[in-house]
Amino acid sequence: MTNFIEILIRGVMLGSLYALVGMGLTLVWGVVGIVNIAHGEFVMLGAYLAFWSFSLLHLNPLLSVVLAIPVFFFAGTMIHKRITERLTKAPELSALILTFGMSILIWNLAQFFWTNTYRSVPYLTGSFPFFGLVFAKSKTVSFFLAIGITAALFAFLKYSRLGKGIRATSQNPEVALVCGINTIKMRAVTFGMGIGLAGAAGAIVSLQWVIFPQMGASYVSKAFAIVVLGGLGNIQGALAGGLIIGVLESLVTQYWSAKMAQIIPSMTILLILLLRPTGLFKR
Amino acid sequence: MKKEDKKGLSRRDFLKGTVIGTAALGMGGFAGKTVFAQAKAPIKIGVAISLTGAWAREGELEAGGYKLWGKVINERGCTFGEVEKLGCPGPGLLGRQVEFVVYDDKSDPSEAIKLIRKLVVSDKVDLILGPYGSAVSNAIAPLAEDYKIPIITPLANAPVIWEGKKREWFVGVLPAAWRNLFGCLQIGKEKGVKTAAFIYSDTAFPIGATRPLVARAKEMGIQVVLDEAYPKETADWEPMMSKAWSQKPDLIIGGGYLPDSIGLVKAAKAVNATPKMFGFLVGPAISDFAKSLKGDATYVTGETFWEPFVKTPGNLDFYSAYLKEYKSEPSYHAAAGFAAGQILERAAKEVNNIEDKKALRDKLYSIKTTTIFGEYEVNPLGHPDSGWQVGKATNLIQWQKAEGKRLLPNQVAIEGMVKQIVFPSGVKTADVIFPFPGWGK
Amino acid sequence: MKDLIGGHKTWLGIAILMAFLTLIPFFATDYWMTLLVLILIFTVYASGWNLFSGLTGYTNFGLAWFIGVSGYVSSLLIADHKFFWLFAWPIGALFVGIVSIGVGYILLRIKGVYFAISMVALTEGTRELIGTEYLEPITHGGKGVPFVAGISLSALYWSVLLLAFITVIICYKITSSKFGLRLMAIREDEQAAETMGIHTTRDKIIAFALSAFLTGLAGAIHFTYQNYIDPSFGFTIHLTLTPIVMTLFGGVGTVFGPAIGATLFTFIHEILWAELTILYMAIFGAILIALILFFPQGLLGWMKERGILPRIRKI
Amino acid sequence: MELGIWLLEFGTQVQQAYFLKELKRNRMQKEPLLRIDDVVKKFGEVVALDHCSFDIERGSITGLIGPNGAGKTTLFNLITGVLQPDSGHVFFKGEEITGKKPYEIARKGVGRTYQIIRIFPKMTLLENLIVVGKGRERKVMERAMELLHLVRLLEKRDDYASDLSFGQQKLLSLAQVLMFDAELILLDEPAAGINPTLQNELMALIHRLNEGGKTFIIVEHDMSVIMNHCQNAIALNYGQKIAEGSCSLVQQDERLLEHYFGR
């Protein structure tokens, strides 16, 4: 039983990180209308940001998480203004191919500059006991960071003027435009936020896992499952979806097999698309 | 950044060399023709190897070994160790300069097939040295038979390549994969362990290296509490490690490649797994492992085929030559690449000709020699598993604290730890530390 | 509907080209033949993709699924059941063709990006499924299936040449047929097409299965050429994306676009990669971005727009 | 002997079958071309059609009127099978078509045009027609040319449909419906947004086709179009039929006027 609870909680911790990646993807997809295949690459860049600032500047990786958000936000808005804004009226295939090209470009440049060497940030390794259960320090801290960022995101969307504008743009861009909302700006800001979330998630990932140029790919498929599960553009849905995927992965690995756990994301996508194309959670 | 540049072989320098070399040869071998106009034509050696993609790191190290061998033989006419006894007649192999034509197979077997054909047919190379890894080696092995050109593949040992295949033109350098972590079982048995868990990546090499051990563990009376392959795409090893540790086994054995071993150690610490011994594939022998894990790498064991401090003939010379050439530490990949060159060198010198491919092949299948990498002997022609390396032993290393130990020549401390060979007893440099004392101890 | 390409000169040109291509094994080197084999395989992939996605507008992001499933079936038949390659290939292709009728029936009701994602999920899911403990006894799981089909390079080349020729002819015939027009109507406005009496579901499924069969056949040949298949090579996303990029390069929805795209693309790739080993992939990514931003209609589309080629569908 | 009995039985069966078929045909001829029977359609809480019933006779031109959101387009979608009713039935030529697929209904002879034109823009005019045609290639081609001539777009046959003007696109859309020999043609605001000359031309064409035996249901906001061109009118509001009858009758209906003209 303790084992079960331990695994459940680990699943939630894992899920919180997935949710962070998924929320970024769903924001960009829902508001900007772009399926960003390169999303995982920004997670990778976030992880490298944390790694380099740790190993060169001896910056605490937790600070890197905070640092990553504005850096990636700014980068994201620039990328959108220069490149992806042109895609808003193009067919969906264009966005898929373009962001795929972006993904290849980014990870290969990363490979070129930083080589294939596998790296990790040896910080907060190990575990601590908690009422007879054992939890990883890094994951626990990551969990609270992820929760903090999620809460801040919710508050921002709910209460700030900009956040309201983003929600309006996501619900009906034409009406929003008529109401005097600068939808181009909104889209750029949202794209920036999505990338910012990916960067933050990457910095958190650096605490837990191995860092290498091609690591982004493994997050994208999970993020897609989360977006489909939670419903397109639905932030709360993505949060719930991330937690569900994380918990399922933990439980299935333990009580069934790791290979079956790996099938979960793709099966989720297929099932949800067939049974409830709008996602599991109502907006 | 600086620190990073020093470690490993600098990729840009390396590639510059590759590309320029390739380009020159691609244009009809101008360099060769002008410089060595008076001498005999150079020996062209073709290499299609992973310089990008999943196995880029391993591939570039291996290719580094090849090139170093070429450079040394071009300068001296022989390389180090046993082959030196055959004499050093001056520049080149059999008096001819060695040139490499190197292509990148992008870690894709399909690409490698095309490139081997290109090397044989368009570039008309005289000889071929193998790619990195079992998957690509397996894909190109039939081409060696088709073109009747001998290929020495230094870094492939999955059983599927040789088992029952009767390969006639394809020889390996690595010992069979199941030997990799066999030392863990042996040591465990001696120390009286009762249970073991096996977790490994679901790809050809880890399966080939781990599954036979599961059977052997049972034969040895060790209870196997978990035998599970995890998906290749795994990025978080914590659930898997947690599953293994929930059975509280005495041994946790498995892994896949470098990231697996790093991830598994991190995960083991994160779930506070403290079995009596850890044994992981590939990673522990590579210095990146210790560099990224720091102190947590201590007491983890893994297989090694070669170390800078092993006492194979000529090893010290190789080590210093490599350090001089690339300004960084060689790994066993580089040593294996160099050794493949040495095997070729020995066979060529004994046949005294490289035109007669069949004679060369026969020699490769029949010689027994020792390179800087260790013994070389393959199953002879006519054997069902012909071409499979049987001479070499696999050693087990364990990362131990460097403090208070006298280091052997070329034994380097990384993050306060050193690699010690702990198995088999004949070549060990230190006693194994058993059981695992716990994290941070 | 002036039949500009139906002129005798054009057909004579095509006949000469085919004769030349057929005779290649008698004088070309193995390397050139290998290169041509890859070009032809990718021509079939790209044309097969275009046949369904280019005409119906349903973006198929699961081409690797067709290739991998057929590749697996045929490879297992050759490796474990000692089938002759010539029989194994069509069985693999038929298998994926028939299964894709069912898959199409289920998945083709999903529209837009979601369809693309569902196909990616299907590919990924199948790849994982092949590795599971349940299918491992049949598929060999992650160990992969190494085999030697005992086919000469020339035979391989002629097979794939014939296949590529048939594929292009089929694409040409379909594009200029009422069936092709119906598929295009689906792309333009599926609901309107349906209220005009077009059985859209049936037409989509037929095109989907035909595309699966042709790409599957090429996939079976591809893995025979490679002597090896395992889950990660059989279902890699590159097998989906490279043909799509080739099609975009040549022109989506055109008949010869995919073939031209595959040829040019493979050559550029061959040159670039020889010179720029490591930056090659990065440049590939940059080309993709540039293609979408500046060249969205592909080479043939661009030429048609400039009036270099007539604006007819049969090219 | 047994064979004789069998033959006799068979003969009777054939006779019976013939009789039944005849009966069915007679009944079908008495049946109205289209019968809407107690149809209900809800979108969540909103009732788009509320127990709506009416008949459309062969050879008539019926105007369907009502304010925005009255359920006119929903009704069209239900008839053509794009949407399924929650309850109620739709009969075409006496045969139930509720639950049938749109293409099946279209093949039975129901055609429609859309309010926002939905032709196939990246196909030529000729292709736009050929694609919906049935039968042999040559016949289809001839018929397509004929119809393009009828809607005076013959010269533009090799242009992309997207190059046409709005009004021309409406004509093309009508030609498409004629192409697959629809008996009942549903027109969603055919006259809106096109110039009066073209409008007159279009209406004249509709009358000509009507004389040739086609039945029309027209949704139109311009009351003058309805009054001048339709024999009957049906008025909808909030998904309910509030009036039905000859045009003049409907116009006089108090409730309708209230709703429609805001009195």
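As written, the chains take the letters A, B, C and D, and residue 1 is the first residue of each chain.
Operating definition for what follows: contacts are C-beta pairs under 8 Å (C-beta built on N, C-alpha and C of every residue); 3 or more make two chains touch, one makes a residue touch a chain.
A quick note: this is a predicted structure, and the numbers were derived from the prediction, not measured.
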Task: Excluding chain A, groups that stay connected where the other chains sit - done: one piece
Open item on the list: Quick check for you: compute each chain's CA centroid and the global CA centroid, then name the chain with the smallest gap between them.
Closed with: C
TODO: Averaging each chain's C-alpha atoms to get its centre, pick out the one most distant from chain B.
DONE: D
TODO: Report the inter-chain centroid distance for chain A and chain D in whole angstrom, where each centroid is the mean of the CA atoms.
DONE: 50
- [ ] For chain B and chain C, let me know how many angstrom lie between their CA-based centres, rounded off.
- [x] 37
Open item on the list: Measuring centre to centre with CA averages, how many angstrom lie between chain B and chain D?
Closed with: 76
Open item on the list: How many angstrom lie between the centres of chain A and chain C, each centre taken as the mean Cα position?
Closed with: 33
Open item on the list: Among all residues of chain D, which ones touch two or more of the remaining chains?
Closed with: none
- [ ] Quick one: which residues in chain C touch 2 or more of the other chains?
- [x] 128, 131, 278, 281
- [ ] List, in ascending order, every residue of chain A touching at least 2 other chains.
- [x] 108, 111, 257, 259, 262
TODO: Classify the chain contact graph as line, ring, star, complete or other.
DONE: other
Open item on the list: I'd like to see which chains touch which, written out pair by pair.
Closed with: A-B, A-C, B-C, C-D
Open item on the list: For a test of understanding, state which residues of chain C touch chain D in their complex under the given definition.
Closed with: 1, 178, 181-182, 184-185, 187-189, 191-201
- [ ] Spell out the residues on chain A that touch chain C in their complex, using ranges where they run on.
- [x] 35, 83, 86-87, 90, 92-94, 96-98, 100-106, 108-109, 111-112, 221, 224-225, 228, 257, 259-260, 262-263, 265-267, 269-270, 273-274, 277
Task: Interface residues, chain C side, partner chain A - complex - done: 59, 61, 106-107, 110, 112-114, 116-118, 120-122, 124-125, 128-129, 131-133, 241, 244-245, 248, 278-279, 281-282, 284-289, 291-293, 296
Open item on the list: Touching residues of chain C toward chain B in the complex: what are they?
Closed with: 29-32, 34-35, 38, 128, 131, 141-144, 146, 148, 222, 225-228, 230-233, 273-278, 280-281
TODO: Can you check the complex and tell me which residues of chain B touch chain C?
DONE: 11, 15, 18-19, 22-23, 26, 51-52, 103-104, 106, 108-110, 113-114, 117-118, 120-122, 135, 138-139, 142, 160-161, 201-204, 207-208, 229, 231-232
